[in-house]
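Next, two complexes with subunit A in common: one pairs it with subunit B, the other with subunit C.
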Partner chain A sequence: MSGINDFIDNEVKTNDVVLFMKGTPQFPQCGFSGQVVQILDYLGVNYHGVNVLESDDLRQGIKEYSNWPTIPQLYVKGEFVGGCDIIREMFQASELQGHLEEQGVAVRGAA
Partner chain B sequence: MSVQSEIERKLTEALRPERLAVINESHLHAHHKPEFDGAGETHFRVRVVSECFVDMPRIKRHRTVNELLDEELKAGVHALAVEPAAPGEPVRW
Partner chain C sequence: MAMTAGDIETMIKAAIPDAQVTIRDLAGDGDHYAAEVVSESFRGKTRVQQHQMVYDALSGNMGDALHALALQTSAPKQDAG
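Then we have the complex of A and B:
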């Protein structure tokens, strides 16, 4: 279990934007993961996708790492931002763009 | 008792909601996997308006609901969409 925790920690800390998801950004295998992919793609954010379906340890480990029970999970600069509902709410309120910019992440079409 | 009514009971007791809708959306996810028919209680949407959410940051609202339903999430509910709002905030329902 500590191995998976180290793996997750490393992914979160060495990538500016990480999405733990079911499937891949090119081929999401869950509608909730797919919604977050669409939002990030729309914003032109460069992000790293991690497919939790590749390992049961990873799928369980990420839930414990964040104390968050569902997938997808988005991390920006090492911090958990939210799951599908929160990302969508933030995007619709134009808060996600601001949050990314504050963290120094490039967003396309930023005013 | 069904999972749905258990979710309703727990949220009602803890949040004293002004409005609450617990919707079983399992059927919308049928055939994600060959063996999954969507007939059970696996996917839920919770819509809730409560005074508890006043001045509470977004992520904390979601965590509050997640924690109340921890048992259900560990026992077979694998998707939980949450739409929390404080009274007076715009909702889509």
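Then we have the complex of A and C:
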């Protein structure tokens, strides 16, 4: 496996919830990444942000790692959950909260 | 090279023949679209798998020509009758 793949694999496996995004949770640099940050913050989920803008290898490598062409990408317990559309859809259908809890991830008592 | 709504619909239908495709141009810049795709072939698949089918249909255009395609996929609603 290439270096970047090792890095990605390690990030995905050593963090319960990891968001590959453009920018950082404090300063998202893309509307779609910002939407997922808002949802995770609303749910009070602890997550690790990885800024793919820091390296082109990372930005391309993550798309190959998951066979998913866009950023952001959310992983929970090592499993790719989806991009912005899917996370928003799951959140609106209250499926995201259930999925996180099923995976043993603490979620603030969302309505 | 910006893509038109028609390009997107044609590419999706070429790969998913029975798809009903509705496209909204979000920004008028040929770069930000919302697409709703309904197809029987989505039934029983996870959202990630459904979206991947649409991305595969747009092979190679996602991410470069199409910066952002907001996707909504579903199988046709089954008749209650």
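Just so we're on the same page, the second predicted complex is superposed on the first by the 108 of 111 C-alpha atoms of A that agree within 3 Å, B and C clash if a C-alpha of one lies under 4 Å from a C-alpha of the other, contacts with A are read in each partner's own complex, and residues count from 1 in each chain.
The rule we apply is simple: contacts are C-beta pairs under 8 Å (C-beta built on N, C-alpha and C of every residue); 3 or more make two chains touch, one makes a residue touch a chain.
Here the structure is a predicted model, which means the values were calculated and not measured.
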item: Subunit B versus subunit C as contact partner of A:91, first or second or both or neither; value: neither
item: Contacts of A:47 with subunit B and subunit C, given as first, second, both or neither; value: neither
item: Subunit B/subunit C common contact set on subunit A; value: 32, 67-70, 80-86, 89-90
item: Interfacial residue positions of subunit B with respect to subunit A in the complex; value: 29, 32, 58-59, 62-63, 66, 70, 73-74, 78-83
item: Residues of subunit C touching subunit A in the complex; value: 47-48, 51-52, 55, 62-63, 68, 70-72
item: Residues of subunit A defined as touching subunit B within the complex; value: 29-32, 67-70, 80-86, 89-90
item: Residues of subunit A defined as touching subunit C within the complex; value: 32, 63, 67-70, 80-86, 89-90
